[in-house]
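Next up, some structures in structure tokens.
Consider the two complexes below, in which subunit A is the common component and subunit B and subunit C are the respective partners.
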Partner chain A sequence: MSPRKEIDANEIKEQLLKGYPSKVARKRSQQIVVNAKDEALNVPEIKANTRTTPGIITQRGCTYAGCKGVVLGPTRDILNLTHGPIGCGFYSWLTRRNQTRPVSDEDHNFMTYCFSTDMQENEIIFGGEKKLAEAIREAHRVFKPKAIGVFATCPVGLIGDDIHTVAKQMSEELGINVFGFSCEGYKGVSQSAGHHIANNQLFKHVIGRGEKPSEEKFRINLLGEYNIGGDAFIIDDLLKRCGIHLGATFSGNSSYEGFENAHHSDLNCVMCHRSINYVADMIEEKYGVPWIKVNFIGAEATAKSLRKIAQYFEDEALTKRVEEVIAEEMEAVEAVQREIRARCEGKLAMLFVGGSRAHHYQELFNEIGMKTIAAGYEFAHRDDYEGRKVLPTIKIDADSRNIEELTVTADPKEYRPRKTEEQIEALEASGLEFKGYEGMMPTMENGTLVVDDISQYESEKLIEIFKPAIFCAGIKEKYAVQKTGTPMLQLHSYDYGGPFAAFQGALTFYRTVDRMISARIWSQIKPPWKMAGQPTLEAEFVHAE
Partner chain B sequence: MGKSKVTAKPNPTSGECRHATRNPCRLCTPFGACMVFHGISGCVPFIHGSQGCATYIRRYLIGHYREPVDIACSNFAEPTTVFGGKQNLETGLINVAAQYVPEMIGICTTCLAETIGDDVPMFLHEITKQHPDLPRLVQVATPSYCGTHTDGFNQAVRSVVEALAQSGAKHHGVNLFSGMLSPADLRYLKEIMTDFGLAATVLPDYSDSFDGEVWGQYKKNIEHGTAIADIEKAGGARASIEFYSTASSKKSAGGYLLERFGTPYYGMPIPISVKDTDRFLSVVSQLSGRVPPDKYDGERGRLIDAYVDGHKYVFEKRAVVYGEECLVVSLASFLSEIGIVPALCASGGHSGRLRDALAEQIPEMMPDVTVLEDTDFWDIAEAAKAVRPDLIIGNSNGYKLKRELGIPLIRVGLPIHDRIGASRILHVGYRGAQQLYDRIVNALIEQQQEESSVGYTHI
Partner chain C sequence: MLLRHTTAEVAERSALSVNPAKTCQPIGAMYAALGLHRCLPHSHGSQGCCAYHRSALTRHYKEPIMAGTSSFTEGSSVFGGQSNLLQALNNMFTLYDPDVVAVHTTCLSETIGDDIPQIVDKANEKGHIPEGKYVIHANTPSYVGSHVTGFANMAKAMVDYLAEPAAMKNECINIVPGWVEPADMREIKRLCWQMGVDVIMFPDTSDVLDAPQTGEYEFYPKGGVTIPELKQTGASSATLALGHTASAPAARALDVKCNVPCEVLDLPIGLAATDRFVDALRRTARVEVPQYLENERGRVVDVITDMHQYFHGKRVALWGDPDQLVSLTEFLVDLDMRPVYIVTGTPGKAFLKRIEKALDGRVPEAKVKQGLGADMFLMHQWIKNEPVDLLIGNTYGKYISRDEDTPLIRHGFPILDRIGHSYFPTVGYGGALRLLEKILDALLSDQDKNSPEESFELVM
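After this line comes the complex of A and B, so read on.
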């Protein structure tokens, strides 16, 4: 069963567009691209990070979701207070399965709580600032948090509530760090705008305030790792085994103190390029900490990332230790890969998720011989598809202009370049790339389909045409995909399984995919009496002795 | 800062004044409206506002029912908030019509559209004039700063009936406005009506759309639900039956039909207890002119037999019950019938009628019942500690409380996102009471068994 041989991707693109009114089809035709890379890994341009057309059912969430749910949600000890009517707070209450490990029982953990000002009509008419101030006082009185974040939902900006002034007044009154996020849902194209607003505010109000530099050797931060299914735990364990110290994670299993002291680490490692690359740039400019792109999804990618970190620190003992750990882990990994490859080789996968996930997980599929025939992001930008080299050519539209661009200069006290320019050049010459991300398309085969912001309708069409062995997206897509008899793996929550990161996570992923693809239930969808050539159900007479 | 008066509510236990909601016990209004539209055949739910609302509501409904749910949206951008949402609404409706070819699009608003003052009825009037080929458009105003998901649900049912129902010819069918029940409940209610020979229009009927079969191939996700043609005939029905305890019938769909077309109206609590199901069946029996089939004698008889068998485990136990107001009232009635004291009855709803409705249902228990209206799980937890409960009955969001108190949580209602089979939970009728009863008794037995240092197997 290999339907792809007869399928021409360009024809499929035409088929997808056929279902739309002509104006929508014109727009979508720029967002659906047949991959064609040349030798220099140049790829066709894709339209990304533009508004979803009204009436098209999208995977995307809103600015608030990206800010409160994604970036601040996994931080256990910042008390997150939603300013708005109840829905937004309710829906972002502990839904992403971010995990956390408080250091001790005394440590704050607000992740199981949902705090909201629960605005009523009265506040919409007369303003909600007083209620917000009272709610902040109340939160402080009851919970004594180190910091409070205030998140604006759609109506807040419109009625003129100034959450930042309230936050500032409350900071002064209560003597703790209170900061606001103007993350009204309508503000951006997708949750990506919310990530940016969240990260900007963390950079302005939290990062760099800490005065507790760690004494450990080889200190790094992990940026864009959200600890889905415990990924950050397993990465942390692996780093520890190698002798690498993880300072702060943005923002899985994260803490306020980690954020505050992030500028004391010596290297920033970026996992999800989309949600946080600009923070890495800003930390470098202000504090002199360089950044590299890493990926702990996939065994090979994990090994490569560890080697990059070791290369950066230029320490022989560290390099040796890293190689030992890789060798130990790869033995088991390769054995399982061989076993599972026998069943999964050549099968097709589709991934429509995230701002980096649709790229990263292709590594894992490759490792068991599966091919990604179509992929796309929910909220990424062109650089995540085509690579950072296209950054200068990305047009800034009204939606992007809407998001504050921080002007960052070197901190007079804390700026400390970790490497000299010569050192950086030497490392680059030896193959270590700084600030680099190749993007998803250069790593995908020619003739595969790349679809930005895929709609419900398009994903159903693609499944119908390709009959992939597995489809990866989120819970909103899960049950529609499964209805059609296609296994569906959630990459936002790992279907409450995982972790899938690092070597051990890769093993779990291979086994999970193998189990889903090899399941026999799909052959039983049709009852026997509806099978072709079997109009009636026949039973054998069993004679009891 | 603004000139607003801050309205704080005192905590019933500590007396402390409250401004923030901590762990809410209610969802927002468009959530309920989307449930209704998803339960009408050929209807696509459509949210007028920012796309996050559609995504969040889809995410939450899909998580609870484990079924696909499509909700379209007019995707407001920053300029839309300045210039109004008409253009986005128009584009959205045209695109939904092209993709789904629906019979109807059900439009509900968000706090964003309501705050900027979009006049949706006027927009729709103008859009329909310009695009006469669009399907039927029904709208309901659901600003989430007014009311809860239950209110959104009830308002949407009423809006649909107001928009579609005509006086038409009188017929022998019955309208059943059952409120926010599970797909299993709706199936059972339809079975009851069929058994009595009554043609019933259950609105909404999401029994298949929220609890569907595997398809094998792609289908449009809008084919199941109440037929629009049946809703059109609602005005000529023999009667409307409506389950409510705290909602005002003046604002309900059944109340509207009575007022507008004189359709006889029977309002009653959700039938969970024997007493309430008896009442429901007697109305159904009267409307159909048939005595209940033997099957119901059997179900009722077996239920009471089980009540007797299990009474030693449940009597004088104390329960915390929370959720939608109408569900809480009916569960309290059921609990009091089996000898459990509903010691704390709580809801995020704020109709102001919860206490009265409870007093009507369980007058003898009221001295021992704490009632919390317009509340959240923080207050529920504080009040729960004071009432010394043995068990908790409500949705998944009481899990934190269950953990704190170390007592069983019997999951009912919505949302249930930490167990499988939320759609299959039966709450209503003798059969629903039987299932609830068995689950409650077994949870109490299990607790007793687990706490025993010996490990007895006969309990």
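After this line comes the complex of A and C, so read on.
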């Protein structure tokens, strides 16, 4: 049953806007778009990556969360030290489900630890640089890490602590790489700014320092894959079976050494376009490694991504092996798809999450016959919605301008174009797209709703109107949605299940969605005496003769 | 090993905190505000604070946690957050129709020095606060105190803003329950009602953070202390504050503002602390302790006498919040257990003295650490030096538990990986019984798992 699918999306948009004060309604009207693509896949413009309206109940996080929590968090052997009051370090302690596998018992793994300078009032008044320096010394003395990252929280920027100078001094004093991230929570408009700050610093301070190129053939890096619930493991297994060697992952299951040597790989594959596409650009400019967009969420998408990689390497044996693996996997996948499609076909899904997840996971829903009726990102930019072709038209506002843009030139020693211009052209002619991302909206049906930075109020309205079979977002939305009787799947943490990537992950996803939608408990919410048709007056007991 | 870098070698640290046994003030203020009926908590700072607090509380309760944020940008950080808060108040009252917005500050807005009452006045002038609606606030700088301090400050704000002095006192007694679970708040109210005492409890998160699944989402669940009730607290005959850290400031403020005498008690966790609470109720409200309650108490004593051999001498490490730790320590000592390592990141006078009193000289080897540098890393190092039989603390203890193969009882905040804490109380005699069951379950399961086959016991 797909109730009220025929409702006009424009009417719904008007309904959503009606509840707001008029000024806010004007702003939101540009962030709520009814999808309408033409034959050339041009879509209407959406306002994205702009300031959150205060008090609206946003689901967005901050720059620190994007920098320390998302990008650097999954790296096991960098000691991540939060400079600030205790909260920021505490909340980002182990809460993102990034899995990691140290290669040996001796290998460093600091991910289970929370390191903080636990700033006190005294340091807010007199400055916290001394305490920071001492904390770095203590961290070095007790933990002997290869590298230390220092993360600034809101008050650090205000009181003017110079974390970069302290990091530099400590680097010299201790003889290890110490680098800082000016990721104060108030910078930028969402986590996205934090990703950028994190990636810039990794590019400046880590990538390219390594001198250990691996000898394997077909070396790629995976960018924008954070190994939530083991996604990167399952992708790595798949690549191995195909004979493709995964160099570095940014930053799921990652290591410092992997980052250092990332420039030795021959292809960068970008998963989450939002959080990292600019790093792929910078690596290409500095080291000559081209990049392609991939997506290992969805069985079809996985097959397509593997084929793209094989196409890039232009190797017959690799292509053959990739086709064999796809054929082996697809058989099981299709069988399960058929079974689950019978129960899920035509049901409605909504996805409001991330900077790419709301797009990627639509593939999986399509594969079991479900339709995404509304979707949106929490922290994406226009190019993630409308495609990279709009990049030249995106205006840089004040909030984006305070995020550093690195100017990158070819490295005199390490720049090595992996393909000649002619080769690239030939590959493009044969259908391989470099640096391409179509965006979410061109892949969604016309008349669906696209909502950027959705508010709690809007989520509630959409659920009320569409009564979707499933709603996907994050932990903050989870239980409010479920209280309406709608199954809610977290796409940040996978509800502590998954992995959902690649073929095996797709199977897990289909089964998860099927399980959630078909759970018996949804029919038992009302007690039997409140079910429709129950008489209000019951017969009374009589004594048996 | 999950915590592979933790060794027995304890090095002095003066600046580095590792695996803290506390978090920051604003989350406590948010939790307390949720115990006010139809209240929308509001975080005046960067939006990350609000996102983190909502996430942490949601994971702990598996319930919706709604709150607004001022979403500071670089500009507001330089020029102040006034316009953000004005907009936020207008939007929240328009969209979500709360009866009251409870604003708490953050390290950011505190460092800037935003004056919340002045901004709220401005909001009133601009007509952003509808007739009959309220805005209250608490200053909760993250670089002072801990999450418990934040709770205490917001509980006090309820008094500062809403309690009204009354010339005539009534029979009612105010209870400030401290940072305990909704189930605990419900249990404390039940205890009072069973003794025939009329109470106003604030904050009260029961029926808010354990709301039923009905198929209809209620943005404001039915629980929480109401504004008329809070106004009435000034007419009550007394206040019982449970927990010195979390509850005393509100109770004292009420005494000063409305002349309601207060008594500050330990959290009624365990036998003796519950006894003191029941006795205080009896004295304050001039009521009898009903037989029913004495029977409840008797069952607790019965279990302790029956199973004493399993408690006796067992070494326990515990960490968490001061008020919880004091009562837990006392209870463990009453069981002849040995709480040997006690750690809280929350600062505050008198904790060490109270713990000393709870230990009653019976555990001379006990190590107690509070405030800066009192973290779970240090406690784990102590354990590496001399192990314990049982861990009692929040979910972060599961890493130590697995590495050291030591059973863990989840208690305190946050519990991210189990349910139960919001449904089953640990306060009162019923709560004591539940704690006993948990302790025995943990210790006996451990014995079952590790005993040699020949001494694997059927009857225990």
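Heads up, the rule we're going with is that the second predicted complex is superposed on the first by the 529 of 545 C-alpha atoms of A that agree within 3 Å, B and C clash if a C-alpha of one lies under 4 Å from a C-alpha of the other, contacts with A are read in each partner's own complex, and residues count from 1 in each chain.
Simple rule for what comes next: a contact is a pair of C-beta atoms (placed from the backbone, for glycine too) under 8 Å apart; a residue touches a chain by one contact, two chains touch by 3 or more.
What you see is a predicted model, and the numbers here were worked out from it, not measured in a lab.
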item: Side-by-side fit of subunit B and subunit C on subunit A, or clash; value: clash
item: Subunit B versus subunit C as contact partner of A:166, first or second or both or neither; value: first
item: Partner chain in contact with A:127 - subunit B first, subunit C second, else both or neither; value: first
item: Partner chain(s) touched by A:30 [first = subunit B, second = subunit C, both, neither]; value: neither
item: Partner chain in contact with A:108 - subunit B first, subunit C second, else both or neither; value: second
item: Partner chain(s) touched by A:186 [first = subunit B, second = subunit C, both, neither]; value: both
item: Touching partner for A:15 - first (subunit B), second (subunit C), both, neither; value: neither
item: Subunit B versus subunit C as contact partner of A:366, first or second or both or neither; value: neither
item: Contacts on subunit A seen with subunit B and repeated with subunit C across the two complexes; value: 19-21, 24, 51-65, 81, 84-93, 95, 112-121, 123-124, 131, 134-135, 137-139, 153-155, 158-159, 185-187, 398-399, 402, 456-457, 460, 475-476, 478-480, 482-485, 525-526
item: Interfacial residue positions of subunit B with respect to subunit A in the complex; value: 1-8, 18-24, 26-28, 30-31, 46, 49-60, 62-63, 66-68, 70-81, 88-89, 91-96, 98-99, 110-112, 115-116, 143-146, 148, 212, 214-219, 221, 400
item: In the complex, subunit A residues that touch subunit C; value: 19-21, 24, 51-65, 81, 84-95, 102, 105, 108-110, 112-121, 123-124, 131-132, 134-135, 137-139, 141-143, 153-155, 157-159, 184-187, 189-190, 398-399, 402, 455-457, 460, 474-476, 478-485, 525-526
item: Subunit A partner contacts - residues on subunit C that touch it in the complex; value: 1-5, 11, 13-20, 22-24, 26-27, 42, 45-49, 51-56, 58-59, 62-77, 84-85, 87-92, 94-96, 106-108, 111-112, 141-144, 146, 211, 213-219, 345, 372, 377, 396, 399, 416
item: Residues of subunit A touching subunit B in the complex; value: 19-21, 24, 51-65, 81, 84-93, 95, 112-124, 126-131, 133-135, 137-139, 153-155, 158-159, 161, 166, 185-187, 398-399, 402, 456-457, 460, 463-464, 475-476, 478-480, 482-485, 525-526
